[in-house]
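For reference, the structures are reproduced in the following blocks.
Note that chain A is present in both complexes that follow, paired respectively with chain B and with chain C.
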Partner chain A sequence: MIKLILTDIAILTVVSVFFAILLVIAQRFLSNYGILKININGKRDVSVKGGNSLLSSLSEEQIFIPSACGGRGSCGACKCKVIEGGGPLLPTEKPLLTKAEMDSGIRLACQVKVKTEIKIDIPESIFNIRRFKTRIAKIEDYTYDTKGITFELLEPGTISFKAGQYMQLETQPYGKVKQKVVRAYSISSGPQNDKQFQLIIRLVPEGMCTTWVHNYLKEGDEVYLTGPYGDFFIRDTDADIIFVAGGSGKAPIKSMLEDLEVKGTDRKMTYFFGARTTKDLYLTEYMQHFEQVLPTFQYIPVLSHPSADENWNGRTGFVMPFFKEVMRDPKNTEAYLCGSPGMINAVTKALVEMGVPTEKIYYDSFG
Partner chain B sequence: MDISAFVLFWAAIFTSNILLTNFLGMCSYLSVSREVESSFGLGVAVIFVLTITAGLNWLAYHYLLVPFHIEYLQYIVFIIVIAAFVQLLELIIERYAPALYYSLGIFLPLITVNCAIFGVSLFLVIREYNFLQSIAFGAGSGIGWLLAILMLAGIRTKLKDKLIPVGLRGAGISLIITGIMALGFIGFSGIVAVQ
Partner chain C sequence: MKQTPLELRITKKMQPGVITLNGFLGNDDRHFHEIIADDEKTLEKLGYTAEQVAERMQYFTDLSWEFYEQPVEVEGKYAVETEIVRGKLPCPFSHPGVYRKAFTILTNTETGVTIRWSSLNLHLIKAHHFFEGKGSTYRLDPELLVKTLF
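Then we have the complex of A and B:
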């Protein structure tokens, strides 16, 4: 019996090892494309080892193209313009690209392999993206399910970002969760403090990352984040502004307000904060502080389900019906929305019906 | 099994088509059959891999598993052989035939998990084919599979602008079409006995 088991194991091992060695040797010789140059924006050349995807080759050179799915070709976040050397468009990319994007040479960086010298165009802001080693300086409880977490930068020591951009947080394996996950959270502190930044994270039931943050992270822990990403920031015009964001969607708005407090503004701004009950309200006094220092700013919390014993005498229901209270000229109004896709769709629809141009509605959707 | 390899080859294409009579290899058949062009690419890749893995697995069975009396390990060994071969093939094509890689190579990872490939390897053991018969059966099954996916892709292209009930769109209508095609192929059954 023992002999039988041993024979089985021996043969399986021999077969597996044989093929493994064969593949390793094949990979060594066949996938060796030597050192290749990637030309970026016609200015900068980086040399990488050929044979890997454009996404991973660039990230080894500390150039981080956004990617939410980790290179599996399912999110479509890593779009970038390949001018030369990308090879033909692959069937794995087609479903995630529009006709216009295909025509202008947009590709998915995770699917394009670097096999020849390659020329690409990426937005300058991507050079700013780094992987940061940080230490958790402070964890604050804002509500029963929402925490504000301050990260102190260790390496590199400073960050430059625009108010409204987001970071990607990497979890470490914990409890029963063996794999690492990466999730995006908006920066909630102003860009003036470049030694640290804050994220606001709301516990999602069964959420792999938020559970880790809420139940396992402590002050003093070392955490890795990549960023800053995103184009959700206040446009430099003189239009009136409507902010709509509930829950942890307050994060980018808080960052924008802290930025504006330093820079000063006389644009008329209104922030509608949608929540269920008074238990979901947080940082209310801080928002009232902004009303003091920014005379043209107004903070309007709206509760959808206030219970009778809460003594809520503010606005109730959805936020949309209250827009007309503050709307002066819909054509000259910008809206900044942050929240669930459902909320963003509903608010966008209401704003467009009131006459706000679609291109002036900016949003950050966490779907 | 005393049936000539030549007859077996034709039988595998028509009278006992691996897909339409055994319903093997359905997943990639349903997911890639949207366009004729990519169906053809995948079909050719299947022919190639089927023919070679049929031969390899025949050798592995008769020169490794039988001498050591461990025939019951055939499932694991066959899977290892198929997976390693497909990987190797992908590397070779990617390096030496880039044009072929873009049209055919990207489908190779899909084939590793194609049950038609594994099914053929198991059939050749159960039906006690010799080496030549195995190769003929592998190649024939591959061509039969290509034929089936090309037919479905052709029909699906025609159906693109037709009104199909919402609930049946995609896999639903494809399965019904496949069923009807399989009924047609039943007409061939009994002409040649492959087992």
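Then we have the complex of A and C:
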């Protein structure tokens, strides 16, 4: 009886091992898609190893589509138009795409697997995006929760960007965080210095990237970033400009002002910086420096919650009521806004009510 | 207790350093199903459901959003404001979509109690009845929620 049971077990084991080996062999051949072509904008072909995501396949070819979540399908930043190939739209993509985007073939590059040859359309500006090896040259404390980080470029040694664009910072594993985390931050320095750039990073409670930056990063450390990304930059017109940005939203505005200081401008410009208390104000003297070198520029900080003991004599409340102090011709005014969706919605509403054309309101939303 | 592959995935996403720095379970060694069941029982004893709690939280969140991150007084005994920082978070239950790092801060001026919740907290309570494990940074105790919100 025991002999019979043992024989059965042996047979079962042999059969299981056989099927397991068969499965491994089948997987090896069935999931081997070989080398496949990705046609980009009908102009350029890249050959990639099939089976990986479109995002990582392009990244291997040094073509970096924006992605704030590192390809986990949660940020929706890696949208690109798939003209041919790419397979059916996945349930993981639908919540992050509008109906119009779905109808026009927009997909999330991190969710599309390259299993056949694919044709895609991406903006030409993406070809300017590189992965940079950098060294931390300087870390400055601006407020209790905001730091300015200067990155010296090692490889490639120079960068070309427009003031207002952003970079994606890659963390290293640290503490409880065992994986690389990727997050986007606006460049806060002017584009004239192409050998280094600065980011302004505010500590986010429980933020995996900002905690690394604030508590682990040191001067001299090597860090990788990709960029530049984004279309938030000053349009070349003669219109008056209203800037509105609080907190770390000051970063792209600072970059724009440094750029304008070098290029020169006689456009009337006003920067409304919204903050809660005087503790949240930073780079005030530097902003006042721009008032000296750019005579048509004015810096107006507005505090929403100043306490009595702060002796704040400046403007208080919302920034919107103060627009009328500086608005000359709403039709010939552009606005550049950087901050939370709530701020952007409220400011946009106020500007439109004053007569600023919607198409002249540009923003970089935290949302 | 043996976990299904889906439960394993969810538990993994709730660990520190995966979606948030300190995770969703805190120092609670119960399975997330048990945390949900225990909190549902607490609410039942108090005469409320997770949906009712979530609906009330959503009401305050929506009101504060209308006022562009400025404090707003509601019903004569609540001060509510929103704070938004850059970024979005996915749901650990693999629910589609991402949730803004937007925090609603509500103070019941009669009791002096302040509670704070994120868009993800609101979703977790509404869709999954999950108030997070004890010791988690963003754990919302159902009893405290009921006392403060109603």
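The definition used in the following text is that the second predicted complex is superposed on the first by the 331 of 367 C-alpha atoms of A that agree within 3 Å, B and C clash if a C-alpha of one lies under 4 Å from a C-alpha of the other, contacts with A are read in each partner's own complex, and residues count from 1 in each chain.
Going forward, a residue touches a chain if its C-beta (ideal position, glycine included) is under 8 Å from a C-beta of that chain, and two chains touch if they have at least 3 such contacts.
Keep in mind that what you see is a predicted model, and the values were worked out from it rather than measured.
Within the superposed three-chain arrangement, the count of touched residues of chain A is higher for C, of the candidates chain B and chain C. Using the contact criterion defined above for the overlaid structures, shared-chain residue A:C75 touches chain C, although it does not reach chain B.
In the overlay built on the shared chain, the residue A:P95 is in contact with chain C alone; chain B does not reach it.
In the superposition on chain A, A:R183 contacts chain C only, with no contact to chain B. Contacts of A:F318 after superposition: chain C is touched, whereas chain B is not reached. Contact with chain B, but none with chain C, is seen for A:G87 once the two complexes are overlaid on the shared chain. Overlaid on A, the two complexes show chain B and chain C touching the same residues of chain A, namely 91-92.
Note for the complex: chain B touches chain A at residues 38, 60, 64, 68, 70, 73, 76-77, 80-81, 84, 87-88, 91-92, 94-95, 98, 102, 106.
Residues of chain A touching chain C in their complex: 68-69, 72-76, 91-92, 94-96, 175-179, 183-184, 202, 204-208, 211, 248, 304, 318, 340-343, 345-346, 366-367.
Looking at the complex, you find that chain A touches chain B at residues 7-8, 11-12, 15-16, 19, 22-23, 26-27, 30-31, 87-88, 90-92, 115. Taken together, the chain C residues at the contact with chain A in this complex read 16-18, 20-23, 65, 68-70, 82, 84-90, 96-98, 100-102, 137-138.
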